[in-house]
Every structure is written in structure tokens, then in C-alpha cells.
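Each of the two complexes below includes chain A, the first together with chain B, the second together with chain C.
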Partner chain A sequence: MDDLSKSSMKFFSDQQLCFADILLPHEVQARIQVAVLNFLKILSFPDPAISDLPLINRKSSNSRVSEGILTDVSWIFLSHSFCSRSLMKANATKAFIRVWKVMEMCFEFLTQEKRVTQRELFYKLLCDSPHYFSSQLQVNRTIQDVVALLRCSRYSLGIMASSKGLVAGRILLQEPNQEAVDCSACGSSGYAISGDLNLLESLIMKTDARYIVVVEKHAIFQRLAEDHVFNQIPSILLTAKGYPDIATRFLLHRMSRAFPDLPILALVDWNPAGLAILSTYKFGSIGMGLEAYRYACNVKWLGLRGDDLQLIPQQSLAPLKPRDLQIARSLISSTTLQDNYRQELAVMMQSGQRAEIEALYFNGYDYLGKYLAKKIVQANYI
Partner chain B sequence: MDISSVQKLCIHLISSAVQRCRLSEGLCRLSVVLKSSPPIIRVSISDTGTGSCLEEFQDLKCNREGIGTEKWDGLLSIKTTSISDNKIYHYHLNLRGSVSARRLTRLPSIPKNDAKFSGTEVCLSISETIDALLKDIKHYFQKMLILKIPSVAAELVIERGDASGLRCENVFLPNECSPLNFSSSNVERLKSGLEEYVLKHRNSLNNKCDSCFCSREKLKISSGVASSMESHRSPGLIVEAVIAISELSESLCFRSSGNKTEVLHFKDFSPSSVSIASLNALTSIDWRSYGLTLVSAVDQVDHALIEWESLPPYLHIDMVIHCYHKQYPGKYKYQPDRHLIKKGVKLALDDLKEKHTGLLLSAHAVKICSYAPDLASSIAGIILSSNDLKFRSKCSTLLELSQSQAIGKQTVEDRIKEKIISVIETNDRKPEKIKEAAPFLFEDDRPQDLDPADLYLEEHAGGDNVFSFPD
Partner chain C sequence: MAKSMKLAGLKSVENAHDESVWTATWVPATGSRPPLLLTGSLDETVKVWRPDELDLVRTNTGHCLGVVSVAAHPSGVIAASAALDSFVRVFDVDTNATIATLESPPSEVWQMQFDPKGTTLAVAGGGSASIKLWDTATWRLVATLSIPRPEGSKPSEKSGSKKFVLSVTWSPDGRRLACGSMDGTISVFDVARAKFLRHLEGHYMPVRSLVFSPEHDSRKLYSASDDGHVHIHDVEGKAIIGAMSGHTGWVLSVDVSPDGEAIATGSSDKTVRLWDFKMRAAIQVMSNHTDQVWAVAFRPGGRGDRLASVSDDKSISLYHCS
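Then we have the complex of A and B:
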């Protein structure tokens, strides 16, 4: 799986990189077994102790940026700073035990060679140990702890995240031993991206498109698909219905390697959240920093941007909410943001306003397609 | 010192006699004889301790508000001799009246004829009901038994001068239940004394209660001694604290006193009242690190009463604190400070924790122990669902279990749980709380670095799929 980005010259950042291996089930089980043996060993020492769990820190303080020299793909990765979970710390005891419980469950699934979704895992844990798991978010975070502890990808643990991604447009996708699916004929709902990374890896892709358009929102995706915009400008439409999940990013990354000449353009709302979504496709995330760096793509910002605001009526601008400001602050502090993005963000913050893509409908329902076409042709993307 | 009642006067005289006995080497006898010919009681307190000096008695102040003249005329008849004296001195001391009138009347001395002995006899007549006096004296002696002062044998003789001419005796001997030899230290005696006291259900029985204390395990006792250095300004002080914890399955004979502990106080080998320093010391101890929560500590005149927030129903705690000067006698007014008392009590608590695993676990440790079964269960689950025989056998070795195939999950789980709990308990006993090395990075509900994913989710939660969690 040698991709372009790996072959670029990057000496020092290599040493700092911490990553999660993609392993086979028995290899993951071996790592879990080592964890158990070490725990028992330390418990049986002459001066026994209950060992802490060293987890790679998933905070911005431990994140680094790798800027490809020969390619134009940069990504965020995590380095070797650790934090630990300990049984003895009063408020962290449950978190400690949660990690072990998820490891136990994953171990069972791996033995049975089953794959489960995060949702299924949550319900299973809820039934098994209701005192420890109270929300899906908690389960997801614990899974990330296990990834950080064992340094293996979530998929290797046997956990699939259900994907929300959809593909439409001028691409043929064929699962092995199945009929090829023509995504331009899928209607407005498009082809649903599976959460199973192995399956996505095995898809055979053929296209005659010239662009890949990543769309933030489902409604916009549907509109564009219905209007067959991908036929007017030969393109592939992709959406994750919001914040991108790993499977969608995985597929996008595959496409970018399979079809390296296709520019990838993003169509997001004009607000900090939209930019955050774009950044995740572009650089990866810290939350899943041990894995996400693999799927960074060179995504360009098509719209909505500051200079598109003249196309929409004043009344469609809404004030920025506190959450928007939180996201904006988090983006500004990240080192990956390039200058022109920063400028856009600064304009957003100064104006205190946000706008959604739907505002373009003011000019007519078919305006969106025209807007897209015009911008692409003018290569008006950054 | 001020005497406010005849009972207090008698107790004070007896106490002085005890101190004199303690100071002499060799066995001493202390007799308290009450001859009752109503309404008068003739009290005679005699001991074979060192001779007394007159200042002891002349220092007694007896004001009109205290003992009324109808109760006591203020006269003391004193006979005393030291071992080196060749006669027995006899005085009458009148403690009432003005200074000039408070005169010593020397009476003719009694020759000893080369006999070598020492002792004192103090007599006085009071007008009081015998029962009131008796109660206090008996109570005093019972308390004194806790100290187990060796070499003092005390007897209380009551002669009722009524028609029946009854005479009864109570003898208080220090070594009843457990043998102690003369070389035992003071604190050993105190321990033994408190032990007996508790075994007899706080002196409500004459002998130890075998039904409640059927095994040695039921009563756990420990002590702590803290001492301060002697200097030219302050005398050396010693604080001894003894703590007894009894675990009774059912309080058959003794009505459970609930969540309260009486802390008995002794000062210079005599029962004493509770000092402010002591109360402060008790309230300032960090009881939480011993798994206890103190609600209040109150002075109840002859003992301090501690109320705990909640004790397990079968658990009872008794405590005794003894502060005394290294050198005696002395007219030192120096009071032990609360730091010394606190140190003594803490040493006793730590000693208890050290000797008995699982006792007085801090609240923190108890909480963590409650999670041990779940952790053990997870780890056992991993071990048993593995098909790798080498792995399982390595685990069995580490857990000191037999290598046979048929080890059940419960056995493995129990063994892991045992080990985890033992580590927690050991850690809890370490006197110095080891500061956590790593800073507190992940608390249960504290959000991590603002992950835009989570924020986006919150905003768009109402969208297509309510549970559309990113990644």
C-alpha cells in the first residue's frame, strides 16, 4: 500500500510518527494477550502493583503536521506523548475498567471472527456492564483508547463504524463477484458506502469523470444528483452527510490514488463547521490521529467562500453561534491551516455571520448546478 | 486546687495516694475504709507508698461555695512517714478559715523503733450518703484498672455501722485477665487494661464476655506512643493512645451504642477530664484516610464522646488517651499540645492498619476495591476465551494456579480479584500518599480537546439519523 505521500522526503517526521497498525485478527489477539500477561506479571511481582495503561495522547499538544515536500498532501499525525489510565485515581477508575471491558469483548469477537459495528458493540456492552457504559460516545472514546493502547486500527479490532457516505456520478463500482454498479443511475440517493474497509479495498473502480466533488450536506448532494449535475460537468459526487467518517475518507483516498488527475473539490457551508469538515478530509483528525493520517487527500475549497456572499441575499446570513466560535478557535490554533483558509475564517469571525449553501437557491433552483459549473470551469478553488 | 464536692475531695486524696504508691518501689497497698454511722461517714485513706509532704494537703482550697460546712468541717488528720524517717508524723490540718487560722497542729509523733516502712494515712469525717460516695469511688477504681499500675493493690472496705454490722470488701487487683510482668511498659499495661475493659463490656460485667468475644479475632487492639523532648523550659511529655476495635456479629449482651466512641482520658496516671487540646487533636485527624467520618467530638466531662457518621453495625471502637510527664512528681502546668496527642492517636491507627489487613481502609481504597471484581472478571474473560494454550498456561503460572485444563472462570477471577485487592490494601497502608506521577489527564466526563466532530454532532443531532456519530 505504498502511496505517493509515503514516498516523499520526510526524514524527521517519520521518527515522530505514531501510528496504528492494520493487523490480522490473530495479531490483534496476540497484542491483547501480551497486555494481559504484562498486567499479571506486574501483579505478581514481589512488590506488586496494578499497572497503568499507557495511551498515546490524542490532543493537539501531541499532534504534528507532516508537509509533503514533493506532493501537496499534508496530514496531521500523533507523536509519542503518552497519558495513562490508572485504576487508583478516584475519578478515572471506571475509564480504566472500560478499556479492559472493550478489550475483552473485542477479543471474543476476534476469536469468533465476527465483525461488529460500534452501535452493536454499545448495546452489547450496555447489557453486559450497564454500570460502566452509558452512551455511545463513551463507547467510541473507549474504542479509541484501545486503539491508542494496542496501536492497531479500529477495523483490525473487528469494529466497523457504519458509514454514512454516498457516492453518485460517473463512476462504476464493482464488488468482487458482483455486478458493477453505475453510480450515475442510482437516483438521488446514490450508492451507499459500506463500513467494511476490506470490502472498500476490494472495490474495482472505473470512471470517466474529470472532477470529484465532496459535498457537506445530504440535501445538497441529493439536489445535485437529481439534476444530474455530474453529467453536465463529468464528475463524481461524494458526501458523508456531515462530518466525514473513516469509510468515506477511505474511499475518497482510494479514488484519489486510483485517479490522481482528478482534482477534489469541496462544497461546504460558509461557517467554521464547514471548514472543519474540509480540514478533516484534507488533513485527518486528532481524535483518530493514529489512523486518520493515512487517508488525507488534497482537497480544495470550492465554495461557499467569502466572495460568494455577493450571490446571496443579505437576509440569508445568520449569526454565528457559540459553537461555531468554539470550532473556529480550535481551527485557528491548529497549525495545519493554510493562510488563505485563515483569511476566510477571519472574515467569517469578523462578520459574525454564517451562510448555508441553500441560500444560493434564492437565484433559482437550478442555480446551484450553474454555480458549480461556473466555479469549476473558472478553476475558482483554493 | 479547688475542691467542689466531698466526692471530689475523696477522689483527689485517693489519687494522691495512688501516685505515692506508684513512685515507691515494691508492692504497695492502698486501703480506703468507709465507716458509716449515719449521718457521718468516717473516711480513711491509707497507703504504703512514699511518704507525703505537707504541701500536697495545704494546697487544697476549699471555698464556701464548694463543700458546705455541714458536709465537712475542713479537718484532715494526716499520719505520714517516709522510709528514711524514724518516726511517724501526725498532723491535723484545718483547711477552712482564714490563712492565719489555717494552721497545722502537730501532734506527737509515733516512734518507728527502727522498722523500715513508709506510708500515709489520711482521715476525715464527712456527712454524706454512703451510696453517693461509693459510686464515685468504685467508678474511679474501675477506671484506674485500665491503667494497670503494677505493684498497687487497692481495697475498698465499707463498714456499715447499723444493726447488722455488715462489712464488705472490694478488692481491686491490677492483673486479673492477662498476665503482665513488672517490666511491661506503661503502654503495654494500658493496652491490656483497655482490652479487659472492652472484654467486660466496659466494666458492666465482672468477667469477660465469652459469648461475644469467642475468638481472639473479635477484638483488635493497637497502641501509639508519642513523646516530646525534654528541655529546660518544658518537661518531657508522653502521650499514649490505645485503640480497640471489636467486631461483634450480634450484640447479644450489650446494647449497641451505635456510632459513638467514648474516649477515656488519663493524665499523669489519674483519670482526667478532657482538654481542649485533646478535642482539637481528635477533630483534626484525617479520619477519611482510615475509612471513618467524624461527625462531632464532644466533652462529656469524664470522657470525650465521638460520633461517627456511619459505622458498620457490628463494629465498635474504644479509645483511651494517657498523657503524662516523663518525670514525676512535678508541679508542671504544662499541657500537652494537640500535635502530640494527634501524633499518638495516628500512630495507634496506623499500627492497627498495619497489623490487620483490610481494617480501617480509607474511603478511597474501599471505593476502588469495589471495582476489583469487574476488572478481574474482564481479565479472566480474556484468558478463558483464548484458544492459545501457551498463553493460558502462562497465565495459570503467574496466578499460581494449577496447570490442569479444568480451571473454571470463577477460580481465575477470584484469584485475580484477591491479588488486586491485596495491592489496593497494601497501597492504602503506606503512610505517605505517593503523589500521582502523571497529571490528571482523563477524567470520566471531562470533554477532551474540543473535537470539532463532537461539536458538529451536537449541532446537527436532529438531522437524518439521530445517532449519526462521526467516525
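Then we have the complex of A and C:
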């Protein structure tokens, strides 16, 4: 009975979902105009007030997990709890104004039908309103505030993700009306994943690979691509050079939908940050929780794992840093982490050590390819 | 009696550039990084240096012809470099990504400075006898402040070329712009009304460098001229408050310390001099350069405890001020 009630909770969890729409420019402009009109209306009442901005709360207290019933994919999403930005709080006034400034800029871009990156938006705001904006981080947070207020995706606001990810291997990518690019012939640098989500949506993909390997670090990606590992085991290599950005996750998600038989395997460092990167691909993130839930994929942990430690020399193990412990604590407290991952994390914390994938080179520069092949063939992934 | 400032040589880099170094400016600190020094040279490059060791962080190439001026945005995120090919390149200091390229007719781009709030870039317009103002959010030319032609002259007369504008500076409150010309006159403009206010007379030779004293509502302007003197003007009145003499060559650059206590100048007599405003005299002479000193710059913020100088001898020097 316990199981039954649990699954019925899963069935209705979607009702708690709060999401950001993917809208056309004029629809986003309409939402901005409504926000302004509401503000002015309340301001011009006989009993005037400066209304607060209601933003969907982007904290773990407002996050929920949706566990797939028919699929293996579960994802993090945000529910309907609000926090508000108010002009009335003494030390939060600038944050309030920043939201309006960013909305103003986005409205202009949408009218001009321009797309900008977060960095370009930062330069404009820095010079246009130097009193309110002083760092890129502030701009990024404010953009997420606007997403949470208007409930539309960042891309709909006209803000393009920057191009961070790379693809290599046995896949042909074709932009409409362009020639197909063979990613196995792209050399060690691979094919750069564009930040333009519309473009990624329109890519035509063809592959004869059997696996998709997601790599944490750029250097490892380059090594594997240079050694043409994807020809030895027919596979596609993907990296976001660290924490994955929306564009890379979008493309991975598209691949997993287009080629559902291909297992997605992750190769990350043996430290809490590596597991956190894996979790972001797998479940999404809270920071961009209104959008990121769409791109969760069933990623499996190939390596490095606890039992790989026998393959590397003792001296390549380094102590965990305070930041690692912080990340580990937040991973343990998240409800999405499955038991075997928790065990690995516990071993990491108990030993107090971390290891990087490069430690495998101790056994020779071509060892990495052999390690990968062996693990895949043995289906040694969790 | 207040203790007067003293300079002590800290570090020098010989052959910092392949050719004469013509311009230098400090880039203010950002949240993630301390102040940096930018230098521009005849060798067509802009180099980024980290104090105090003067480690070379990056070399920016891409200009054709020598770099005459570098300027940093008050936020420390963005900077601009201008070259004799009359292009201004605006770039991100940390990544060297190009943000904008501003074009002007030939010989109409000289010294530049961002306004204290960072919303406008003022460029001395050389042969156009004007100051060009570019908006930093859209990178469009928003205003041209022209020096009025002398009375009685016809438009066809070449007398305009005497007003060739070499140098430009903003007042600390951003309300006034001053520019120096080749004939020695200094023109003062009201920025908000885009109006020419007055000429400041006194020099008869090119005024290559100007700087306001740093207090917020300052009216005091220092000017450096090829006549070897530094004049101190009241921009709202017409009188010269004072003059400081001592250099035996052209005074190519003047800068004031952030606390307003000291003034430094660089000259074609190869020396850097430190002046005390109250005593109107040079309190120190540094002679470590072997050729003309084109630019001197105090590090912004705090008491201004660092001074940089660059020279025709291709070297950069950093001094500690106490």
C-alpha cells in the first residue's frame, strides 16, 4: 500500500510544476508591458503603493523532484513558492531596480530583434546604469529574476547562451541549408555547440554510434578526440568544459530523444564537483529550475569511481578542499541522489581524498582509451 | 607641517615595448582583480601589466600605426585604445574581447578619457578642432563639441588647424570638459548643454596634457605645455592661479595624485618631477629614463601610492609614493 500511495504522489507531482514558457518576442514584450501596467495601476490608486515583484523562489526549499513513472529519468523542478523583491527594504532597493533595468534592455533588444549574450548585456548595463550594475554575477542573477518574474525562458528574452560545449565523434550535424559537418573529422577541437537554441533545435542529426560519452574536462575531451577513441568504440563525445550550460544540455537532450537506444555515460573526476556536474546533466539545477527541468537526461556514471582507485598511484590522490566538502554536503542533502551514488560520495568523504582523470595517464597515454573501452564493454556504469 | 610626498623607484622594465612607449593609464580594480597598468606604444601594441612586479599579462595587437592613447572605464572592466590610424578599439580588459571599434576621419583621434561615471568616452578630435563624445552603452557618436573659430576669420582660412586638439580631460563631477590645442589655448565646455564656455590663455605652445584636481566640485585645472611650464587655472574664472617651472624641456604629461596633494610631470628633458602644489616647486626629480618621458600616471584609489612613467627609451618605471 505504501508503494501505491507513493506512485500516486509521483503521478500528480506535475501539478506542482512551475515552468518558464518558451515564447515569441512579441509575447515576451506583452508580458513586460503587463508588468509595467500593473505597477503603474497600483501606484495610481487613491491609496498608492509601490508593489513588490513576486519572483518564483529559486531555493532548495522550493525545489521538488519528479520521478519518472515509465522512464528512468527524474528531474528537479521548482514549485509555486514566491519570494519578493521590494523597493521598501533598505538594502534590497538596488536589486529591485536592477530587475526593471534588465527588463527595459530586453524590451529594446526584442524590438530591434537582436540577440545578445550575458556578457554583452553586462557591458551595456555597466555603461548605461553604472550606479546599479558592477559585476557580471549581478547581471546573471538579475536575468534569472526576470525569468522568475515573467515566467519565460532566458532565450525568449533575447539572451543567447554563450557557446561553451563541444561535440566530436560519429555524428553528422547539419544546419538547415548548410553542408553536414562530420564531427569525427573535426580534429581535437570538435564542433562548437552554438549558444543559439533555435539553431540547435533545427540541427539535423545522423549517427551510427552506440554510446554517448559526456566528458567533464576539455583536456580529456581533446585527448580522446585526438586518439580517435570514438572510432574504436563507436561513440559521440561531448563536453561542456566543466559545469554544463543550457546549450550543451539542450543538445544532449535532443540527442537522447533522437537516439533513445544510446546510453549516456559520464566521465568525471573523482571528487564532489565531478558528481555535481553529473547531477546537473542528470537532474537539472535549481538556479535555472524553471527551464532546466526540460533537459534532464538519463546519464550514467562510468568513471572515475571508487573501484577505479586501484588503477592509479597513491601519490596522485589529493586531499579534499573545503569547497569540495561544501559541495558534498549539498549533494547529500538533495533528495535526488540515488543510493549507489551516495555510497560513492560517502567513500570520498571518509577517505578525504580526490583524484583526477589525468591520474590514469600514469599507466601510459593510451591507457585512457583502453580504460574507457573496457568499462563500456563490461557495462561497468551505474 | 604636513609631510610632503616622496618617490622611490620600485621596478623598471627595459624594452617593455619594441618601440617608444607613448601612453599609459591605470585600469581600476574590479571585484575579482586588483588594478592593472595599460601601456601603448609606437610598436602598435597595447600591453597589460600587473603591479608591483610589472608582470606582462597580455599583449593586444591589431592597431595599424602607433598607439597614441589608452583609457580605462571607471569600472575597470572595459578599456579603449586609440592609434594614429584613427581607429579606437574598445575591449574587455580581462579577456581582450573586442566590444566596439570606433572610426573617425584621419588625424581626428588623439587623447581619450572616459567620464567619471563611465557613460561617455571623450576623444580629442585633432584636426577637427573639436571633442567627440561617444555613448558607452550604444557606442554611437552622440555629440561633437567644436571650438569656435576665432572672430573675423573666414571658413576657408586655415587658422582652424592651429586649434588642433591634442588633449582632453573631464572634471571630477563630469560637468566640464577641457581640451588643449596646438596653439596653446585651452577650451572649456559645459557638457550638459554641449556649449563652449571660454578659452583659458597662457600657453603659446602645444598643450599635451590636462588634469583636474581630484576634489568632487573641482575648478582647478593643471595644464602641461611644450613651453616647459605647468599652469594652474580656475576654469570658472579666467585667471591663472599659478605656474610651476623647472623642466628644461617640453612638459609632455601631468597627473595629480588621488588625494590632490602632489602633481607629477614627465618631460622631454627625460625627467619625472614631483611638485608640491602649495610650494609651487619641484620637490623631487627622478632621472632614471634615458629619453623623453611621454606619460606619467598615479594609480587611482586611496592615497595614490604608485606612480608609473613611460618613455621613448621603451621602458616603463613604477615608483612608490609615500
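Basically, the second predicted complex is superposed on the first by the 371 of 382 C-alpha atoms of A that agree within 3 Å, B and C clash if a C-alpha of one lies under 4 Å from a C-alpha of the other, contacts with A are read in each partner's own complex, and residues count from 1 in each chain.
Just so it is clear, a contact is a pair of C-beta atoms (placed from the backbone, for glycine too) under 8 Å apart; a residue touches a chain by one contact, two chains touch by 3 or more.
Given the structure is predicted, the values throughout are model-derived calculations rather than measurements.
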**Message:** Looking at the superposed three-chain arrangement on chain A, would you call chain B and chain C a clash or a fit?
**Reply:** fit
**Asked** For chain A, which side has the bigger count of touched residues, chain B or chain C?
**Response** B
**Touching partner for A:135 - first (chain B), second (chain C), both, neither** = second
**Prompt:** Could you give the angle made at the Cα centre of chain A by the lines to the Cα centres of chain B and chain C, to the nearest 10°?
**Reply:** 60
**Request:** Classify the contacts of A:127 with the two partner chains as first (chain B alone), second (chain C alone), both, or neither.
**Result:** second
**Prompt:** Looking at the overlay, what does A:244 touch: chain B (first), chain C (second), both, or neither?
**Reply:** first
**Prompt:** In the superposed arrangement, does A:58 touch chain B (first), chain C (second), both or neither?
**Reply:** first
**Message:** Tell me the contact category for A:206 with respect to chain B and chain C: first, second, both or neither.
**Reply:** neither
**Prompt:** Touch check for A:114: first (chain B), second (chain C), both, or neither?
**Reply:** neither
**Message:** Quick check on the superposed model: minimum Cα to Cα separation from chain B to chain C, whole Å please.
**Reply:** 7
**Asked** Do any residues of chain A touch both chain B and chain C, and if so, which are they?
**Response** 119, 131
**Prompt:** Quick one: in the complex, what on chain C touches chain A?
**Reply:** 30-32, 73-75, 77-78, 92, 97, 99, 117-119, 135-138
**Request:** Flag every residue of chain A that touches chain C in the complex, lowest number first.
**Result:** 119-120, 122-124, 126-128, 130-131, 134-135
**Prompt:** Which of the residues in chain B end up touching chain A in this complex?
**Reply:** 364, 367-368, 371, 374-375, 378-379, 381-383, 385-388, 391, 394-395, 398-400, 416, 419-420, 422-424, 426-427, 436, 438, 440-444, 448-460, 463-465, 467-471
**Message:** List the residues on chain A that touch chain B in their complex, please.
**Reply:** 29, 32-33, 36-37, 39-41, 43-44, 48-50, 52, 57-60, 83-97, 100-101, 103-104, 107-108, 111, 118-119, 129, 131-132, 136-137, 140-141, 161, 164, 218, 240-246, 273, 276-277, 279-280, 285-288, 292, 321, 323, 326-327, 329-331
